[in-house]
Amino acid sequence: MFVVMQAGATEAQIQGVIDRLVELGFTVHRSTGVVHTVLGGIGPVENIELADFEVMDGVKECHRIMSPYKLASRQLRPGGTVIKVRDVEIGTPKVVVMAGPCSIETPAQVEAAAAAVARSGARIFRGGAFKPRSSPYSFQGLGEDGLKMMREAADRHNLLTVSEVMDQAQIEAMLPYIDILQVGARNMQNYTLLKELGHIDRPVLLKRGISATIEELLLSAEYVLSGGNEKVILCERGIRTFESATRNTMDLSAIPVVKQLSHLPMFADPSHGTGRRDKVIPMARAAVAAGADGLLIEVHPDPDRALSDGAQSLRPNQFDELMRQLRMIAQAVGREM
Amino acid sequence: MFVVMQAGATEAQIQGVIDRLVELGFTVHRSTGVVHTVLGGIGPVENIELADFEVMDGVKECHRIMSPYKLASRQLRPGGTVIKVRDVEIGTPKVVVMAGPCSIETPAQVEAAAAAVARSGARIFRGGAFKPRSSPYSFQGLGEDGLKMMREAADRHNLLTVSEVMDQAQIEAMLPYIDILQVGARNMQNYTLLKELGHIDRPVLLKRGISATIEELLLSAEYVLSGGNEKVILCERGIRTFESATRNTMDLSAIPVVKQLSHLPMFADPSHGTGRRDKVIPMARAAVAAGADGLLIEVHPDPDRALSDGAQSLRPNQFDELMRQLRMIAQAVGREM
Amino acid sequence: MFVVMQAGATEAQIQGVIDRLVELGFTVHRSTGVVHTVLGGIGPVENIELADFEVMDGVKECHRIMSPYKLASRQLRPGGTVIKVRDVEIGTPKVVVMAGPCSIETPAQVEAAAAAVARSGARIFRGGAFKPRSSPYSFQGLGEDGLKMMREAADRHNLLTVSEVMDQAQIEAMLPYIDILQVGARNMQNYTLLKELGHIDRPVLLKRGISATIEELLLSAEYVLSGGNEKVILCERGIRTFESATRNTMDLSAIPVVKQLSHLPMFADPSHGTGRRDKVIPMARAAVAAGADGLLIEVHPDPDRALSDGAQSLRPNQFDELMRQLRMIAQAVGREM
Amino acid sequence: MFVVMQAGATEAQIQGVIDRLVELGFTVHRSTGVVHTVLGGIGPVENIELADFEVMDGVKECHRIMSPYKLASRQLRPGGTVIKVRDVEIGTPKVVVMAGPCSIETPAQVEAAAAAVARSGARIFRGGAFKPRSSPYSFQGLGEDGLKMMREAADRHNLLTVSEVMDQAQIEAMLPYIDILQVGARNMQNYTLLKELGHIDRPVLLKRGISATIEELLLSAEYVLSGGNEKVILCERGIRTFESATRNTMDLSAIPVVKQLSHLPMFADPSHGTGRRDKVIPMARAAVAAGADGLLIEVHPDPDRALSDGAQSLRPNQFDELMRQLRMIAQAVGREM
């Protein structure tokens, strides 16, 4: 790390910072300029908070040189990580699509959705059984019954399953049914949950919080990775900005940024990212054009009657047409589907 | 709710919306204008999502008339709620200060902090035993040992205690030691936790998430209230914006807005709101001037050696001087301390 | 417009709002519900401010039904607008690319840039002669000399020209050289400039401000359109958010949103939208995949030595490869290049 | 500046950066660590763009050590700047209030407003004659006639005047009537205007743009200062965030931040900052509590009939009561009014 002293910092102030750094185990290099003195410290940077130095007398600013995450860093595995889930590989040039309804509602709905997404080329079936809802009066999901329905439908159509886990207490119940455990945007910094997921042997789809920086997303991945679970898939799903014409603003530039900083696969969820069916299609196409390793898309056999998020769910025929376009775009950017 | 049809919407499209509203249990009033047809629906609005209507053919936009929260609404208790915790009342003209260190570290630190804040006029002792940290490599808190230390120090100085609960599994362990359970910004939408807190008889201090709207804050309060726990205290602690000169941007206008929309007491946390000791003091003063019912302030006997958030912790003498100024400001705005 | 009265609004308060609306020329319909009274007003809505009603006693909230812009609205021309500039048509299924250096620097640089972008298929040559810079100490542009160089190079390669106008006083000087006048993000609400541009017969490329909503962008277009100039091209170039990994966050969902709300052509500028060369390529691809009518891309023969924005300028060979990929993506989404 | 090379950067890449820095006139110090090589450059940092280095091969990140502004920096005048305008001093412990209507409308309205604000203790009369409006269909101001009315009313009540200049062409017309020229938020980066204002001898009130960082605000001040005009007053008036309960989010922490970084006086405008009369009062109090050197407040004799921004204008009796409270708060924080 570097500590830049203010112009006119006194010798006592400079020495104070040096002493503190040395006390914390750093080796310090001092470089005295015409205006500013700069202190470079080599040491156990993960245990310190820059702000602690920035409020010291005479300090102008501090900079960290090393990224605060390690296991999530691309440096660790420059070639990128491929996550194998049964017969599906995630993180290869092949773009993988996870699709299905927002909520698991009835056996007929689940079956129709699974059949439709499998037919159009999705490999993984998504659906929610535990639903995080802003209002306590909204539909909260079918729980374990929903998971069972989902597994059966997925098996009939040779699909894997992905579903959201909201609390560490739910993990156990999900394992028999769900191949990939999804952590939703609201729980991206639920560290108790992340730590638990670090101890199981099941891929985790970690969604970016709506106000999380990319660095915070990678730090949350680090929680899972540092527990021993190496199978983390990241996902952009829209951030909160001042613009209200869409529910969230999809930050598609996060895709190339994450691919550069980390070795983990990076997905995009245009359904939650836009909140409107007619915007899902262009943004799904844009995400693949921007280099996403896969997509998460809501598809419902009858969106007008969905119990949640119907407005952002594609109809099966729309999804089918979208998959056709995505195959062409994947090819244009040197990938396949 | 109101549905505004697009200019040129067909009779079939209008009828489609009416049919859907009636099917959901609404009574519909139609008003035909020169350009737009507007449909007003009276019915079970808490179960519907506006977006579901906004994507219907021919629809221009929808508006909800009723607030999506009820129990948190000021209408329910226009005079405001007073929460009595042992001998302290929260929500009266008396401004209440909760103060103490970010993390509970050692018995000596806890004792020094409790003595200092009590001496300067704080009534409630804050301290963290379970710490949510962005990095898995940061100090994670002392757990139950910390809670015990905290209780003992608080009792010696006739203070109540407030501490953060991060997961429903921790609630049980906290009850013997902690008078007010704090839900941190990262967990504001951890609905599993909120529901559990709705079932206990202990005040909850609910902090606004860094990207949560005021409406979402009140909806999260509604989760606790609807479970039967009526003792919820809200707290502004800074929102995330593009400005990086401070860690967060304190949204002090949230104070008068919440006081108008809700009957619940509204606090402010200038320590997390700014992240820098020298900004805590002006913003604490500003929060009281803006009408806050209380403050949450980090005070540490030796901030330079704090294990977490030292940069934003006041020294005891700074806290003492701040309390002196706050008393004058409280008076200027018709309150006391 | 609609005015929703608070629960418990008195008859006098309701009458007060009705009187005010009638005084302003509105016809008012009153609808009395169990909880809320709602007043619908038909009248000269463009002259009123909703906030004026929202602060009236007893009022809960107000909603505007008509868009505040008219000439920019898609309703006016549902088929979309095609802008013909010499032999180039903008707004057709053909995606149009404007490319060139950030600043006009030397005759050799301009010639090399124009030759390169023409060779790869761009139709319009971009370059800045008047530069808006955050710091007064940065390079401010060559002025009219730069415009002349630009025109000559463009003519040699059969390209049109586009360049930024920063002030009404510069318009006259630009007309002999520049085919399309660009209004930069910082001037999107420079109304003096917009009004002047409404009175000339030259297409205007209007960039979205970094904190402008889509509605505000369309209102700024309305300034030009209402002056009589019907040739306005809109452009997304990134909005300001909390994320600092990229200079701005490109809001690609603005592309389908604008196409739905307005008949005007919608471009994207991934160079300013990302600020980094390696992010320009994926975001340019994504913009076309999302439905952009055209792109604005910075290309410099020697970006490492550019006087401004070199970091976001593509090298000619990168631009050439990008154009190849874009042609495939355009085809995938039913367009051509 | 510092350039941090990536782990594993090659010697050729490191040399490439050194060569480029030397070519630009920098002296370079190289420091080789276990993981990262860091290059420190001393030289003409105001002419370079960090991004140009950040995209060079092998570079991880760059940091600037010197602030990009100089004349606005507190270092230049650690004691702070006092601006004397006729008999009013701005920047002293005395808090100065500028008040008056949003728009100048009629002689009677101007007279009533001036009389009211003078009576309650304001020293400077504000009012708009040239109005920047989002919609071309809104009231655009009375122009020079308005300025004249304003001057006469101000003189009758021994007030100074402040009014917004929107374009360099208006400066000349304003000088005979207006003591302080205000640059509105939308024009904070209208560099043509700022440069012109640098050449006149008249104080400038520079408002922060709704999406401008504090650094950008200071850079815009630098434009005026570097032209030779040393009389710049800064003003916070709300930034754009995701929260829609208020028109903007007042960033009151900007007040202590600016006071620390710059020697210029810092004001706050709670009228534009909140957009709602009932929020103006608490936020005005909060701004003084946070350390503002002055306030800008809209007061209208009959806000319900104002031609612009009536919803955020205080009634004269509200303003009078506010001034009474502000005097007490000023005292609490060691100032006077």
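For reference, chains read A, B, C and D in written order, and residue numbers begin at 1 within each chain.
Operating definition for what follows: a residue touches a chain if its C-beta (ideal position, glycine included) is under 8 Å from a C-beta of that chain, and two chains touch if they have at least 3 such contacts.
Small disclaimer: the values here were computed from a predicted structure and weren't measured.
Under the contact definition, chain A and chain B share the contacting chains C, D. With centres computed as the average of Cα coordinates, no chain lies farther from chain C than B.
Which listed pair repeats A-B comes down to matching contact pairs by residue number; over half match for C-D among A-D, B-C or C-D.
Mean C-alpha positions place chain B and chain C at a centre distance of 38 Å.
Inter-chain centre distance (chain B to chain D, centres taken as mean C-alpha positions): 31 Å.
Chain A has residues 211, 240-242, 244, 278 in contact with two or more other chains. Taken in their complex, chain B has these residues touching chain C: 2, 4, 7-8, 29, 31, 33-36, 38, 40, 42, 60, 63, 65-66, 75, 240-242, 244. Interface of chain C with chain A (complex): residues 211, 213-215, 239, 241-246, 249-257, 260, 273-274, 278-279, 282-283, 285-291, 325, 328-329, 331-333.
Here chain A touches chain B in the complex through residues 20, 46-47, 49, 51-52, 54-56, 68-69, 132-139, 166-169, 186-187, 189-193, 195, 209-211, 216, 219-220, 222-223, 226, 240, 247, 275-278, 304, 306, 308-312, going by the rule given at the top.
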